[in-house]
Every structure is written in C-alpha cells, then in structure tokens.
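The following pair of complexes shares a single chain, chain A, combined with chain B in the former and chain C in the latter.
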Partner chain A sequence: MAEATTNLRTHAAKRLAPEDARNAAREVRARRLRAFLFVAPLLVFVMFAFVAPIASMLFRSAYNPTVANLVPASLVAIADWDGEGRPSDDVLGQFAIDLKRLANDRTSGQLAEEINRFLPGTSSVVKSTARTLRRVDDGTLAQTGPALLLDANDAWAEPGIWRALQEAGKVYTTSYYLTALDLEMTRDGSIQQRDTQIYLKLYGKTLWMALIITVLTLILGYPLAFHMAQSSTSRANFLMVFVLLPFWTSLLVRTTSWIALLQTNGVVNSTLIALGLTQDPFELLYTQFSTIIAMTHILLPFMVLPLYSVMRGIDPSYMRAAMSMGSRPIPAFLKIYLPMSLPGLSAGALLVFIISVGYYITPALVGGTDGQMISNIIAFHMQQSNNWELAAALGSLLLFLIIALYWLYDRFIGAGNIKLG
Partner chain B sequence: MRGFPEYFTIWHIAGHYALRGIAYLVLAFLIVPILVIIPLSLNAEPFFTFTKGMLALDPDAYSLRWYQAILTDQKWTLAIWNSFVIGIAAAILATVLGTIAAVGLASPWMPFKRVITALLLSPMIVPLIIIAAGMFFFYTTFGLVGTYPGLIIAHAALGVPFVIITVTATLTGFDQTLFSAGLSLGASPVKAFWDIVIPLIRPGVISGGLFAFVTSFDEVVLVLFLAGPEQRTIPRQMFSGLREQINPTILAVATLLVILSVALLVTLEFLRRRSERLRGSM
Partner chain C sequence: MSTTVNVAARRGFLNAAVAFKKTGGARLNKHSGTDVFLEFDDVKKSYDQKSLVVKGFNIAVEQGEFITLLGPSGSGKTTVLMMLAGFESVTSGTIAIRGQSINKTAPYKRNIGMVFQNYALFPHMTVAENLGYPLGVRGMAKADQRKRISEYLDLVELGDFGNRYPGQLSGGQRQRVALARAMIFEPTLILMDEPLGALDKKLREQMQYEITRLHEQLGFTVMYVTHDQAEALSMSNRIAVFNDGIVQQCAAPAELYEKPANAFVAEFIGENNFIEGQVDRIEGKHAIVTIKGEGTITAEAAEGLVAGGRCVVSVRPEKLFIHPSTHAHDHDIKATFVARIYVGDFIRYYFRLADNKEIVVKVLNDLSAPEFGEGDVGRLQWLTSDCIAFPHSGEMPGVTG
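Moving on to the complex of A and B:
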C-alpha cells in the first residue's frame, strides 16, 4: 500500500503537469478513504464491543474510587495526619459522622470490605462500630464523636486502621498490582515480598502446566502429522476427519467425555478393574493430571493442523535422496526433515501454549483444587470474593504475558499465517 | 507406500509400521473420548458409566429416556433456543461487518493495514476470561449485562476474526479490477459490491459465518459472566450440570452436539471444495 502511494506520487511529480498531479493525489486520497470506509463500521464495532472493555479493565486495575466516594470528608481531614499515633480528634469526629451516614445508607459494609483488604481482620471493627453509631443522634455525635468511636472499639486508637483507610482512599493505586505479584508496600515506602506467595506461584504453575501440555501435544501430534503427510492425499483427507471432528466438537462435550472417562467409577477405572490391573479405583478426576490430559486432548488439533500443513509442503524426495545416498533414517530425519518442519512445529507449539495459558473452562470443571490455573483465580475474584480490582490487575498481567507471547509468534512466524480447517 | 525402496533395511520397514501404529494410537486418543459418550447417553440408569446390562448388550439396559428428558425440561429447551438465537444473530452481525471490512482490508490502498488487521484479529488471541472481565465492567455501564443484545454483541466480537480470515483468504484470488469495472460501467458501489464481489467470495463468507456461529454456539465463559438466567445457552447449561448434578441428560445433549459438528464438518468440506473449484476456474 505504502509503496503504491509513493510510486504514484513520485510518478506524478516527475512526469505530470501540476494540475494532473493534483488530480492524481486526489484520486489516491479518494481510494484510501474508500478502502477505509469499508473497514470503518467494523472498526467502530470492535472498538466498542471489545477494545473499550479491555481498556476499562486495564483502567480499573489501577483505579478504585469506592472509598473516596464513600468518605470524602474524612479523607480530606486525614490528609494532614503524619501516620504516627492516633489522628487528631477532628479526623475522628469527621469519620464518626461519615460512618453513621454510611450505616444509615447501608453502605458501611462496602467500606468495611475495602479497608479489610489493606488490614485483614478490620472488617468486623468497622461493621460493629457502624452499628453502634447508627443509634446515636446527630447532636451527640457532633460533640462526642471521637470518644464514641474510641469506646466502640480499641482499634480506633491504633494507627494501623487509619493507615489502611488512607491506603484504601487512594483513587489511583498500584496496590492491586503489588498484591497480584505477591508484593507489599512497607511503611517507609519500599517494596518487599509477602510472606505467603500465592499468585506468583500460580502464574508459575500455569506456565508449567501450559508447557507440559505443549510438549505432550507435540509428542502426540508430530508422528500423526508426519504419518498423514506421508500418506496419499485421499487417505490423508480421510485421516483428517479424525482430527477435525474433535476440533469442531464443543469444548464442553469434550470435557464431559473426560469426566465420564476419568471419574472414580468411570470407564477407565471400570476397565482397569475388569482387567484385574487394580482392585481399588484411582482418583483420576479433579486433579492436575485430569486437567492436563483433557487439555492435551482438546488442544491437540491446534498442533496437528499447522504441523500437517507445513509437512505436506515438504518434498519427500529430500529424505529419499539422503537415504538413497546411505544416510540412516534418524540422522536424515534430524538433519533434513525436522528443520524443514520447524515453522509448523513452532507455530503449533506457540498456539497451544498461548491458548492453554489463558484456559478457564476445563480446569474449572475437571481440575479440582490442584489443577486450577490463573484464569480460575481471576474468575474467583470476579464472582466470589468480589475483589474486581485485583481480578483486573491479575487479568492485566495475564494480558501482558499473552501479548508478549503473541509478539514472539508474530515476529518469528507471522500472524498472517494462521490457517483454519 | 507399498513396495519399499531397495535400500530400505528391515529396520526401516519396522520403523515405518511403528510410526503408523503410533499415528493410529494418537487418532484413537483423539476420537475415542468423543465416541464413548454416544453409547453412554443411551444408558437406562442414571449413571455416567457402562452398566453390566449395557456390556452384555441387553436391550433393556438401553433407553432414550435422557433424550426425552431434554425435550421435557424447560431449562434445556430454553437453552437450545437461546443458543440458536444468540449464535445466529451474532454470526449475522459478525459476517456482515467482517465481510465488508475484509474487502476494504484487501484493497492495496488501505491505510494502517497492519495495525488495523492486528486489532481486528485480537479477540482470537486474548484469553476469554480477560475478555469476560473487561466486558462485564464495561457492559454494566450500558445496561447490557443480562440482556440478549449484550451477549450477541460480545459473541459477534469473538466471531469477527474468523470472518476476516476466511473472507480474506477467498479475496486473495479476487481481481479488484472487477469491482472498479462495475463502478465504471455505472453501478453504484453498493450494487457493484452485491452483484460482483459477493457472488465471487460467497464460499468464504459462508464458512466465515459458520465459524462465527460455532464460536458463539460453543462459547461459555462470556455467557457465565454476561448472561442472566433468561439467556442461558446449551454450553452454560452443561457447565452448571457438570458442576451441580451430573446426569446422563448432559451426555444426550453432548451426543446431539457431536452430530451437529459432523454436519458442520461436512458442510465446510463441501464449501472448501467449491471454493477451490471456483478459484481454479478463474
């Protein structure tokens, strides 16, 4: 496109009269505009339906106005506090008034939950204090607010809960990313590792499982693709049906079959017992093993298809030539065939790896507690713990990881080479 | 591969058959788990495994009761209806927008082609859980969560890359001057597009639409996050069935879905051959 434009422009500048050159330039603009107008409706649609949601998630991972909206006045009052000892009575009084209002609006639970994320165990302090303050009338509260607060719970005399309030009150924050990386900010502002590593471990496990799945699909897929590439076209097309049928079969169907096969009194265990190989059934389902085997099955076509399409294009005479000249099959394969099949191999491997890193459904259904991956913890924070900001931060990190992998894929293989069916 | 070359030793030939054996084992690994659910779905007992009667081929051990259960359970009939409504609407939306866009992207004059193509294909690469989280935040502000339009838009966005890829593939053999010729002979751009471009790229459009439909039909993560109880689809119903109360109804549904995917496979193969013929004749 770019060359075409420059060609036409230089061409116009060299040979044409000024008026013709202007017309040519106008024609170029018109054609560019016409091409763009074809794409514009879809672009607008994808921007709204897909890009904006992802952007809003990225934004949310660093933006949480909940507390700032709940207790704005208290946050203004506490801004001057030096972080040592107990904040001044003005702060306590303002907070008591805010908390009573929240208790009456039934939003004090939200505040409790937000503060609790920064200082675990304080949720009940906030909630019980809110219940106490609800019954106090406004006049008394204005006069003896600080005392009432201190009476309601000893925690209010400590600096910890106030620091948690300050942290939770920040509208823009990196704290969710720190949590997602198992880091925390110490009081003097330096960053250190948390005592319990949860998320990094899970990222590591997810990458490890994705790697195992990729290797397994490679071990299974390579000989199959090789055999198909060596077969006659009609035979290869017939064998292809067995690869494409699973590819086209619903993911849920394939997961269902693995549940039927692997459960305690399922097909595999019944067969093993009937053959006398074991007396007690194995616990196969709801383990890391079942996640890996089901995902290998589900993702195998993604390995076989690119491998096969590359292998089909390899001229068999190279191997024949090597072997007729006395090479043994294995060295001939390693030196000639394997390097030529490498584009398909790397395409398939990266595709399988990228897909499995972000997998959700199969681990959720057959993984038990052991086979959960990073997607599952994101879903957990979205649906159960309602910590959407942390879910967004974990999701953003996963997204960066996928983009990095995709960049590699594009750089070495070219995204345009994706073929379907 | 009959008649091995002279320089083949016995080991070459053994290796050849060993490879064939391994390939068949892998094919079995691919296909058996899918086929095994078909007899299991005919179980007369509410179990997920073969009963003694089934293994003895006793006709009484087999029944169609789980297929009947699908038809009488309102949850399943609603799910089937929803899957088709959402899938067809999403496929139409993705196919219409995607086909028009693919024509623009195939033009040599298209500005920012690389960036825009990457953007339009990105829903295929981003993990569904991330898309689901983002859409949940964003669609809530527009009141789209728990509605049909919300799910249709979400699924259409997922289907767009497939339409772009398949239509672009048919367009590589398409002569752009045909469209210009139509314009120069006095057709409006819309008429020229409809009468000249569409008939030539039809196989790509149809298979792109099928891909988009299957994407929606098979999708469950977005449904988990964006659908209310009214919009539950077949995979969503299977998901909760597998989590809460496993019974062979799910196997019966799964069998029907396998039959559907066989039908799809046959259709796509037919389209592929047709497209090759069309391109070959040009």
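Moving on to the complex of A and C:
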C-alpha cells in the first residue's frame, strides 16, 4: 500500500510537460512511419499475390454474371414465369432471338455449358437449337420464334430447362456452395441432399488421409528427431543432411521416383516376384496407399525439423533428474520428456496435417482415382470442367475447414504451444 | 528492491528453520557412526577409449560428510558425479556404498538425490508437482505426499509457492526448490554439481548458508562440485582438489590452506607467492634453499623435494610483512616497490625480487600501512613456518589470485 502511494507520487512528478508530450508523440509517429516503410514492399506483394486472389476466389464462389450478360432480355422476360408448365410465347420468342445472336457471336457454347450445370444433358439441346436458329432470318424469327424453338427440340416444351436457365441467370448464388456440400435447393426453397454424394465424401477422405499421413510422419519422425537430439552435433548435422535431402530434390522427381518404385513392373513388385513371395504383381501405384506413402515421404522433414529443434533445446539433465528421483526410463520419458517436446510435436503435426489437406501434385501423379484428394477435384473443375465457380466454392470451404481446425487446435492445445525453433 | 526481498526472505528462512527444528527435524537427524559410507576405489573413466578423463580416483566418505570436489574446468569433476549417479559408466575400478558395489546398479535404483547446475525443474509441473514427483514414483499416498511437500516447502521457506510454475520463480527460489526436490525422498546421499553457479554473489552466499544449515539439520551426505574455492572452503568437511583427473590432495579446508601437499594445491587454493630457488640441503622437516641474490632461507620441506634440485618456495601474501613491523620473523629480503592497490579493507603491495619476479603483500588497511615511492627498496619479512618449499615442476606457477 505504502509502495503504491510512492509510485503515485513519483508518477505525478514524472508527468510530461505538454511540449515534451508533443515531441514524444511526434517521435512515435516517425518511428511508426519508418516501420511501415520497411514492410510496405512486402505488404504490396502480399496484397497482390495472396489477399487479392483469395478475395477474388471467395467472391467468385458466389458471383456468376455469365448468363446474365449473355441473355439479359430473356431473363427479364422469364422473371414473371411461375415455374410451372411452359413459359409464355413472349419468353420463348425473346429467348429464340437471344440464342440466334449468341450463335452468330459463337458464344452459345458458353450458355450451353452454364445451363448444363443445372440440368445435366441440356448442353447438346442448347447447342443444336443454336445451330438451327443461326440460319433463320430475323423477320421469320420475330414471328415464329416460339414455334421454331419447340420444333428444334422437345426439351423447350418442358419446364426443367427453363428453370435451369433461371437458376443459371442468377448473378449472386449460393448454389455452388450447396453443390460443394452435396446439397441442392428444391423449387420451394428448402435444402435437400443430392442424389450423388461426391464432395463430402472427398472432404472426409482428404481429412482421413491427412490424419494417416500425420500419424505416419510422427511415428517415423519422432524417434529420428529424438536420436538426432541425443547425438553429437557432428552426427546430428550428418543426419540432418538426409532429412533435408528431399527438400533439395525437385518435388516432381521425388514423386516420379515413387512411380518407378511402385508401378506394376516396378522395383518393388519385381523384387517381390524375384524373391518368390508372390506370383502376381500387386496393384501398388494409383491407389490410396501410394498417395499416402509418397506424401509421408515428402512431408517427413516438416515433422522432423520442428521436433528436432525443440528436442535439441531439452537439456539431458531433465531426464537424469527424473531418473535420479527413482523414475524408470519409460515413465520418465512419458511424464517429462514427451510433454516438453509437445510444442515441437504439435507444430510438426499441424504443419504436416494442413499441408497434406491441401496437397495436389502427389495425389495427381500417383493417386489414380482412389487416391485423389480435394485439391485434385478443385483442379479438375478449374482445368477440365471449366466450372471456376464451383472450384472457388470448394476452395473456400477448404480454407474455412483449415481455419476451423486451427481454431479447434488453439482451443484445446493452444497456439502458443507451437514452437518451430 | 531485490535486496529488500532477499533480506526479508532470509529472515523468514531463519524463522522457518527454527520452527522446523522444533517439530519435524528430529526424524531426520544425523546418523552416528564412522564407518565408510561411500568409497571410490581406483575409479577410472575414458569417454573415447583412448585417453583417461579420470585417472584413478580414490576417496572414502563417511556418513554425513560434506565433501567438495574442487578443480579447474575440465578436470573431471562432473564426470565423477555422473559416474556416482549412474549416468556414465565406470571404465574401471569400483564405486561402493556401504561396501556394496553400485557399478551395475541402474540410476533409478541408487536412491541418490541430485541438484543440477541448471536446476532441471520440470517446467510443465508446478513447484508442488515437482516435489511430489519422486514421492509419486515411490507410490506414496496422495495425502502423505501433500504433507511431506508442505513440510519441505516450509523447510526452504517457499510455503506459498507450491502452485507456481518454475518459470515464475526467481533464480534463488528455483535453487531452493531444486534443493528441496533432491532432499524430499530422503536420500542418504545428495550430489550437487555447481548448484550456485548461476546466482549472483549475494544470493550465492545466502544459499551457501542454507545448504550448510540443511546439511547439518538433516544429516545427509553431500558430494558437492564447485569452481569457487571460497565456497568450498567455507562449506566443506573435506575438499578433494582435482586436477587433470587426479586428486592432488583431499583434506579439511584449514589443512588444505595451511599445508598444501604440492605446488598445484598451493597455487589453486587461495592466493600465493612463489619464489624460485635451489635446494641446498634438507634437514629433517626443513629445507635450506638458496634464493638468487639473497643467500639461503629455511622453509618447510614438501614431499618429493631432493637436495640439489630446483624448487619453489610459497608464501601467502598475508603472511608477508613489510619492514618495519612488530611481527616475529625468520627471514628478511630486499624487494623493489612496484605498485600499491587500494582494495578497501586491505591494501595490496606489489614488489619485485632480485630475479625480477613479482611478489604480493597484503596489508590490513590501518594506520601502519606504509607509504612507498616507485623504485624504493623495502624489506619483506616472514616466518619459516609460513613458507613451504615444493619441487619445481618444470613450469613455474605465477602469482595467483
């Protein structure tokens, strides 16, 4: 108490004069500006290379103006349609005019693809109708547009394709997220499961594989890091070269060497056959097994490095102290060493897990169909099916998933526990 | 700020000690008997299968003794402790406790308490959990554990600190926890490897006092390692001076200081002057030594001295007096004054002898402290019983301190 009063008194005596306070504030501002200038280039880089793409990905996953730009007039016309039966002839006529224009602009294919996403199998309907309408002159089209449309394909008489058009025409939509979660919206606005479950299963498989890979790297990495931490510096450095070797060879080379090892007439199978252990070669490549084994190999350093650097800092005297107090080596290890190595362990596990959840190249090369992970389907939608919006939705979900996992980790173990060195 | 805390802590400490003596102290009181408790018999250690780090270590320790291993860095002190604790194997020889060899006993079966230089408190456990660890290992019931823990926390005056983590303690407090943890399972032998090395001078002195007090109170045997000779001299029953893997001398502090067995010990313990000379002859326990430019002087003869051989005569700076003085003396040599350094409670005078070697004299800072100008010639006086002649070991020890 007495001390507190003294503190107060000295505090009062030490209060800055206004002039001094202004000088001090100016100095703080100058220092802040200097600090900002130091990181400004990095900030700009990060904005361009990281924040902007992610923001655009998040945006794209819910924003799709393609159809709205292609056939704006048709979408206005169909807005009044009640969704039952065939839309009015006005709508059909307007759409026929729009479709002809698209056919001449050679953009009808885009429209076909977009509609097809909402009603699979309609791509050819749109394309063939567009081809038919291209040759019709404008006058005829204006008068007999609806009839021409219905003649071209029976599908135009059904409500399904028009609903698909309406859906595809929405500029802002949650449908990609729903698709990414294997859900769909029914016409009355409720949400239901899709008939084919693809993506949830894939997310589950991805997490499961990442977990297995993490556990495997842990099983392989922990004893290695422990051994390195116990050995002399020169020996530890020597072993460290082998840990880092995978880092110094190209990822592609490492993955392809797994192909050479695992393929049907590869090293492993020919050895097994030569040893007489099996008659027929095993299917090792293009399986979940090959993805897991190759990724474990590739990600091992991410486990070993943080573990090693934390273990190196654990003085041998802790274990000795425990043993001098009468504890046997294994209980002493579990009670003393393991908790002390936990920061490295959680850093390594988190690193490996998060990297493997988003891993692409290895499953793409050695995974076949069975060993595909979520990033491969994202890549598929970007490169093959051209469905960037769905790819963006899947990617965003992956991002949220990782953030959620990190949050869980922080909640239960504490992010402060992570130690990389 | 910190001084106040230390003083307060220390005061509380004393009270607790008194209280403890009244209540639970008796149970742990010193065993009697003078049988050999711990014995090292020609123990050798090599790490690399080529050279010996410990070259034939012999010592017999009695129950309740406080033995200090003192020696320069790299002389093998830690190695000896590690062999005793069982963390390093013994290359040859035996270590025995109560006549039973423990060479092959696992460390966790030796029942030896250990205080490490870095304390080795488990950072993820509270102070109480740290103290409870050896008890839990021994299967003690929780309630008994709690009682014992609070007893020992009081003993080291940390009664309120049971729920803190080691990271939240000061250096001195950590040290005390480490000490309590090494004692709590009542080992008969406690090893301490430079336990006070990381503390500042004031705290170190306080902890020296505490360790001595606990040792006397609880009666365990201590094997203590230190660099600090003042610490060794003030705390130990006996000191083993170590150099180069060999015990140079193992004796009580006073004997070590007054009667060093060889030039290394004379140089290593305390401050010493060495005057080079030639042994003229040996008469019983005394040697007659020729000093360059001064004729002969008589000194106590150390072992291994041979007539006609070269030798060094050691005289402690505080045993030298500057003429005129009222002290009795047998010898009186001329020396040129070099410098005078004011240290506070005493003054150090530097003189040069005829062979150009420097010699230090410590004079109490009182009115009799003489004044000299540079180059003045003074006379230094001392008693025969205060100087010892050692065989010259080739390389000449300098002035130490």
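Structural remarks
As a working rule, the second predicted complex is superposed on the first by the 387 of 421 C-alpha atoms of A that agree within 3 Å, B and C clash if a C-alpha of one lies under 4 Å from a C-alpha of the other, contacts with A are read in each partner's own complex, and residues count from 1 in each chain.
Throughout what follows, a contact is a pair of C-beta atoms (placed from the backbone, for glycine too) under 8 Å apart; a residue touches a chain by one contact, two chains touch by 3 or more.
Every value quoted in this text rests on a predicted model; they were computed, and no experiment measured them.
Of the two partner chains, neither chain B nor chain C is touched by A:Q279. Look at A:L398: by the touch rule set out above, it reaches chain B but stays clear of chain C.
With both structures placed on the common chain, the touch criterion links A:F36 to chain B but leaves chain C unconnected.
Residue by residue along chain A, chain B and chain C are tallied for touches, and B comes out ahead.
Judged by the touch definition given at the top, the superposed model places A:P339 against chain C, while chain B stays out of reach. After overlaying the two complexes on the shared chain, residue contacts for A:A322 are found with chain C alone; chain B is out of touch.
Within the superposed three-chain model, A:T233 lies out of touch with both chain B and chain C [touch as defined at top]. Taken together, the two structures place residues 320, 323-324, 326, 329 of chain A in contact with chain B in one case and with chain C in the other.
Taken together, the chain A residues at the contact with chain C in this complex read 315, 317-318, 320-329, 331-332, 335-336, 339-340.
Across the interface of their complex, chain A is touched by residues 85-87, 107-114, 116-118, 120, 122-124, 133-134, 137-138, 181-182, 185 of chain C. Residues of chain A that touch chain B in their complex: 1, 4-5, 28, 31-32, 34-39, 41-43, 45-46, 48-57, 60, 220-221, 223-224, 226-228, 230-231, 239, 241-246, 248-261, 263, 265-267, 270, 297, 300-301, 320, 323-324, 326, 329, 354, 357-361, 365, 375, 378-379, 382, 388, 391-392, 395, 398-399, 402, 406, 410, 415-416, 418, 420-421. On the chain B side of its complex with chain A, the touching residues are 1, 5, 7-8, 11-12, 15, 19-20, 22-23, 26-27, 29-31, 33-34, 36-37, 40, 47-50, 93, 97-98, 100-101, 103-105, 107-111, 113, 116-123, 125-139, 153-154, 156-157, 160, 162, 165-166, 189, 207, 211, 214, 217-218, 220-221, 224-225, 234-235, 238-239, 242-243, 246, 250-251, 254, 257-258, 261-262, 264-265, 268, 272.
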